[in-house]
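What follows is subunit A paired twice: with subunit B in the first complex and subunit C in the second.
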Partner chain A sequence: MGTLASAIGFGLVTASILALAAVGFSLQFAVTNVLNLAFAEVMGSAGYIALLSTHAVNNIWVAMVPAAVFGALLSYGVNRLIFVPMIKRGTKLFGMVIVTVGVGLIIENVILAVAGPNFSGYALPPVHTHHIGPFQLTAPQLIIMGLAVFAMISVHLLLRHTKVGFAMRAISVSATLAEHSGIDTRRIVDLTWLISGALGGVAGVALFINVGAFTSATANEFLVVIVAAAVLGGVGDAYGAMLGALVIGLTSEIEAAYFNPQYKEVVGFVVLVIVLLARPQGIIAQVAVQREIGR
Partner chain B sequence: MAFLACALSGGLVISACASSASGGSGGTGGSGQGNTQPLTIAVFNPYSGANASYGPEGASGCFAASTAITATGGILGHKTFTCIAVDTKGDPVDAVPAARRMVAITTNLMGVLGPSSDEASATAPILNGAHVPMMADTGQVLYDHTNLAYFWRNTPSDDFYGYAMALYGHDAGYKNAALVFGNDISDQGTVPTLMKGFTKLGGHIAINEAIALDQPGYQSEVQRVIAAHPDVIFDEFDPQTAATFFGELQQAGASIPMISTGAQYTNWISAVSRAMGASNLAKIYHNVLGYSSAGGPAFNAYQSNLLASGANVPDAKQWVHDPFSQAAYDGVVEFALAMLASHSTSPAVWDSYVTKVSNPSAGAVIVNTFAEGKAALAAGKTIDYVGVTGQADYNSWHNSNGAFTVTGYAPVNGALPLIKVYSAAAAVKLEG
Partner chain C sequence: MSAATQFYIISLLVFAAVDLLAAYGLNLQFGVAGLLSFAFILFQSAGAYAASVTSLGPDTANGGFQHYILGSTLPFPLPLVCAALAGALLALPIGLVTLRRLRSDYQAIALLVMSIIATDLVTNDQHLLNGAAGLSLIPAPLQNRLALTQVGYQWLFVLFCIVVTAACYLVMRRLTKAPLGRAMRAMRDNEQAALSLGKNVVWLRIITFAVGGAMAGLSGGLLVEFVGAWAPSGWLYPETFVLFTAIIIGGTGNDVGVLAGVLLVPVVIAEATQFLPSIGRPGLIAALQWILIGVLLIVFLWLRPQGIFPERKRRFPSAEELSRGVPRRRLSIGASAALNGRQGAPRG
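Coming up: the complex of A and B.
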């Protein structure tokens, strides 16, 4: 029981980081239909902004604010300056995936050129493990979990109880119909990129805090798991992404605790394949949606 | 930074990055009569990805050697000797086309530093087929007995590192070991001989964990290790994985001595000390690495040439005591001396002269620098280059397994104080 409880605790930490990222990724895809594989680089660049900010504020949690703002602005800027013009020229779903890969590589290499190949890390105060019930967690991990819960509740309130959220959900079902119903789709899409980028920024800082040391490539190594969590829950569904993150986080840690840790990442994908065989639309989504980018 | 920018440009660096790779017909096969353009060594290593530190490490040694060679007036009419970066990205998918492009368009390509374990299996046959001599930094055991004529290795292979780690673990009095290694080919190569050696010396393997690299957390793995109650952890993985793993081990309240390999890099130490605290790291740190000297004429020449290469090597002093930087330097000097000894810049000719200028032989004049070797060869003497990594002795498979050192870590000045030295013979004895 002790091993299982520990693994669940550790899995919740991984799931928290994953949920922050996967919800941002999924929300943005739901509204824009752009499968943004540059998302990890938004996370990574925001993580470096937090590093820079700590020189001024000397507190990583405060530094998370400019990181989130930067993630939002970068995400918004990339969409406005690169993705929108490409879509207007008729680039379709698959073409845009390749464009986002290219944008991600550019961002990653800009970080590499500026920050260099050496590892960086946040200066955190000495960290101790707290025993909370059956769980053993550090203070930063508890804060990350708290942040994730706060972000998930905020996203829920946004989607269910605000006009913006209603508009987002409407656009995710049919952008054309939403536009004809009087929704300012351009404004909502811009807002979505900003929110998605901010979540990515927070996720990037949380990831970098947890791994202890990072380079320009660190966030990108997390991308496949983020996409897997989003797809597992039902791609384009923010609630599905939360659930997907939880499933992948828990299964990987439980596998590592009981079986062979070198396969902890693989197990998450095995679960993904099994779920998609049974429910191609993912765990949450009611139906699989054929998506395409509108001009 | 210019060198880094070149590395970023997609793998192969051409004219804008180094004057050597411009014009001409390209390819290898010697510089040709009347060709006085610079001779080039490509640092064929990862500059991006998880092992991005390999490239700058090799480049530091290469530029130090090129500075030394160019200062003497160059080689056989080529006044300049230079280095270029070819980014393999640590992935065969990227490394293979990068190797083909490099071979196709680089003028006066004399050889490469690399490949590393990340890309050696895919690219070493390509380079060998193109008659490009390699001073490889891969530790893969399969190259212990290779028939690749252009493959050279002046650093110990992974299996020898395994024996050296076992030797030190035993000598330090540890009996119950946890093995925690990355699950990639470059990390796992050490495990079989480490297990064989440590158990042969009476030790017990409490747990053998192969862990997935670069995960966001390793707490479940940490708990498994703690539950096995080891008195020592043998380990090898990249800085990010190490930082996360040892940081979480520290957070779990465990302070278990580590015997690592590949943990000598500034990058590695910086990453892990950030995660667990420098003083905590110093309490448990032991690292086994290939022998490197810290004094004497060869070291002095290496150090001065490295520090004089600051325009191409950012923060050059970080590489002064780096054994792989030193090995890269020695490798390039050996290649250059082989060219002089053979009176040829055709790799097909000078490749076989590497042992003639590097291995001990009766009547050979011992030289410690490129300048000394050049002068001795000009005087018609046979030479034995004893470089900064000590006496090379290449066997028939072009492997030179030198001695090993065990170092600690001093957080005050970042130095790696020497704890113990093991000869290659000691490792060979354990193998038998």
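Coming up: the complex of A and C.
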């Protein structure tokens, strides 16, 4: 019982970080149809911005704010400066995958060149373990879970109860139709990249808090798990991404508790490959038809 | 010429030949047949491991400090044959992924993830191929039999690599000039049309993957016989990206372009700069290399997506032109078809 409870506890924390990242990834993919493999590097660079900010404010939760802002601006800037011109020049789906991998490599190695190859870590105050029901969790882990729940509710309210969210959903179905209906698609797409980058920034800081010690490559190792969570729920579906995050977070931690912890990521990857090959539209969504890339 | 300078030149030549061999394999799959072989480095890696374990002997050798499967000592050319076979055999199941008519970006992700899964498995399983530490002390073929100095032997090995690469190039060129190559290009440019003309695209994909995989495997075998060690850190998925970058920059589907791309990207940027004196903090040069490769790729996709040497589109005379006796012409039309997703799923 103890093993299972602690595995589920860890699983919920992993799922929270995954949910933050996967919803950001999925929302942006739904609206723009660009499979952005540079997303992990947005997370990583935001994590390093938080590290810099802690020198000024000495509180990681406050430092998360500039990190989220940086993530939003980086994500927006990369799209406007690189992705959009590429799409206008006729680069299609696979070409864009190569471009986003290239952008990711550039960002990751800029971090490596600036921060060096050594492990870094946030200076966190000594942590206390809280017993909540059968789970034992630290204060930062509880805050991360709270943040994830808050972000999920916000995204839900945004998508279902605001005009912007309505426009986003419209664009994700058909950018052309949305544009003809008088939606300012460019503004909505820009806003989507900003929101997705901000979620990525928060997820990056949360990931770095959770792993303790990180390098420029840490976020990238998390990328495939994010894609797995996003794809499992149906790429381009924010709710599916939440479900996918929960499933992957729990299964990988439970696998780690009972079998071989070195393979905990492999579980997520295998799930991803199977879903991609067997049911690319995901478990619940109907997206994933081949359509034009939105800009 | 000092021994160090000679070794530098020897290394560069071997790396150039090996990278070129692998790049022609990838170009056959991606450039000619339009298959998004995003797990390509696995085939090279399989070849390298196959050549290693078939020349290292049983894993109790050398005090049993490394563990691996299938340890044996095969005479000289056989480890390389095993390398090519391993590459081809691994390419077959992985190539089957492209039979699913997925969106091209999903296909790329599926293959990318397979590459990462393979890295994870080999890294974490100590008994399969010695885990993260990798295999080492792989003997150079025939070095004991040939009465040569170290440098003399290495020059001979350079020559051997160049001959093997040239031979593979000729075989590949023969294939792509043949009706088979025309069918591959037809599949790349318009799969539905190729199907409607009775081309067996499943068979074409399998052939392409097997031949490209064998070339990659052979390149891995040659590489490992030269460097003498092989570990998971040498075949992470960005290595596939380097080969793609080389092909795209040189000119997808153009043999001269692939040569130019390989000389520029993996050789000059990735290999030659390793011998520069280290400046700044450790890892800085490696980081700058990756940044440069990424920037080059984006600049090329932006300004010249067809590469330095664009593929010449083959144009065949229509029946009317034939009857009027118009000579066969070749037009130069830009932009690689594979990059712009003209293959795979029907668009709708």
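In the analysis below, the second predicted complex is superposed on the first by the 276 of 295 C-alpha atoms of A that agree within 3 Å, B and C clash if a C-alpha of one lies under 4 Å from a C-alpha of the other, contacts with A are read in each partner's own complex, and residues count from 1 in each chain.
Rule of thumb we're sticking to: contacts are C-beta pairs under 8 Å (C-beta built on N, C-alpha and C of every residue); 3 or more make two chains touch, one makes a residue touch a chain.
Only a predicted model underlies this, so the values are computations on that prediction, with no experimental measurement involved.
On the shared subunit subunit A, the superposed partners subunit B and subunit C overlap sterically. Looking at the shared chain after the overlay, A:F150 reaches neither subunit B nor subunit C. Applying the stated contact rule after C-alpha superposition, one finds that A:I82 touches subunit C and leaves subunit B untouched. In the superposition on chain A, A:Q262 makes contact with both subunit B and subunit C.
Looking at the shared chain after the overlay, A:F214 reaches subunit B, while subunit C stays out of its contact range. Residue contacts after overlaying the shared chain place A:G121 against subunit B, while subunit C stays out of touching range.
By the document's definition of touching, both partners, subunit B and subunit C, reach A:A113. Within the superposed three-chain model, A:K92 lies in touch with subunit C and out of touch with subunit B [touch as defined at top]. Clashing C-alpha atoms with subunit B after superposition occur in a single stretch of subunit C, namely 9-17 (options considered: 9-17, 99-107, 297-305 or 333-341). Overlaid on A, the two complexes show subunit B and subunit C touching the same residues of subunit A, namely 109, 112-113, 116-117, 260, 262-263, 265. Those residues of subunit A that touch subunit B in the complex are listed here as 3, 6-7, 9-10, 13-14, 17-18, 109, 112-113, 116-123, 126-129, 136, 138, 207, 210-218, 221-222, 253-254, 256-257, 260-265. Against subunit A, in their complex, subunit C makes its touches with residues 36, 97, 100, 102-110, 112-114, 116-117, 120-121, 124, 238, 241, 244-245, 248, 280-284, 286-288, 290-291, 293-295, 297-298, 301-302, 305, 335, 338-341, 345, 347-348.
Partner subunit A is touched in their complex by these residues of subunit B: 1, 4-5, 8, 47-50, 52-53, 55-56, 183, 209-212, 214-221, 223-224, 239-240, 243-244, 247, 251-253, 266-267, 270-272, 274-277, 314. Per the touch definition, subunit A reaches subunit C in the complex via residues 35, 37, 82, 85-86, 89-99, 101-103, 105-106, 108-110, 112-113, 116-117, 224, 227-228, 231, 260, 262-263, 265-266, 269-270, 272-273, 276-277, 280, 288-290.
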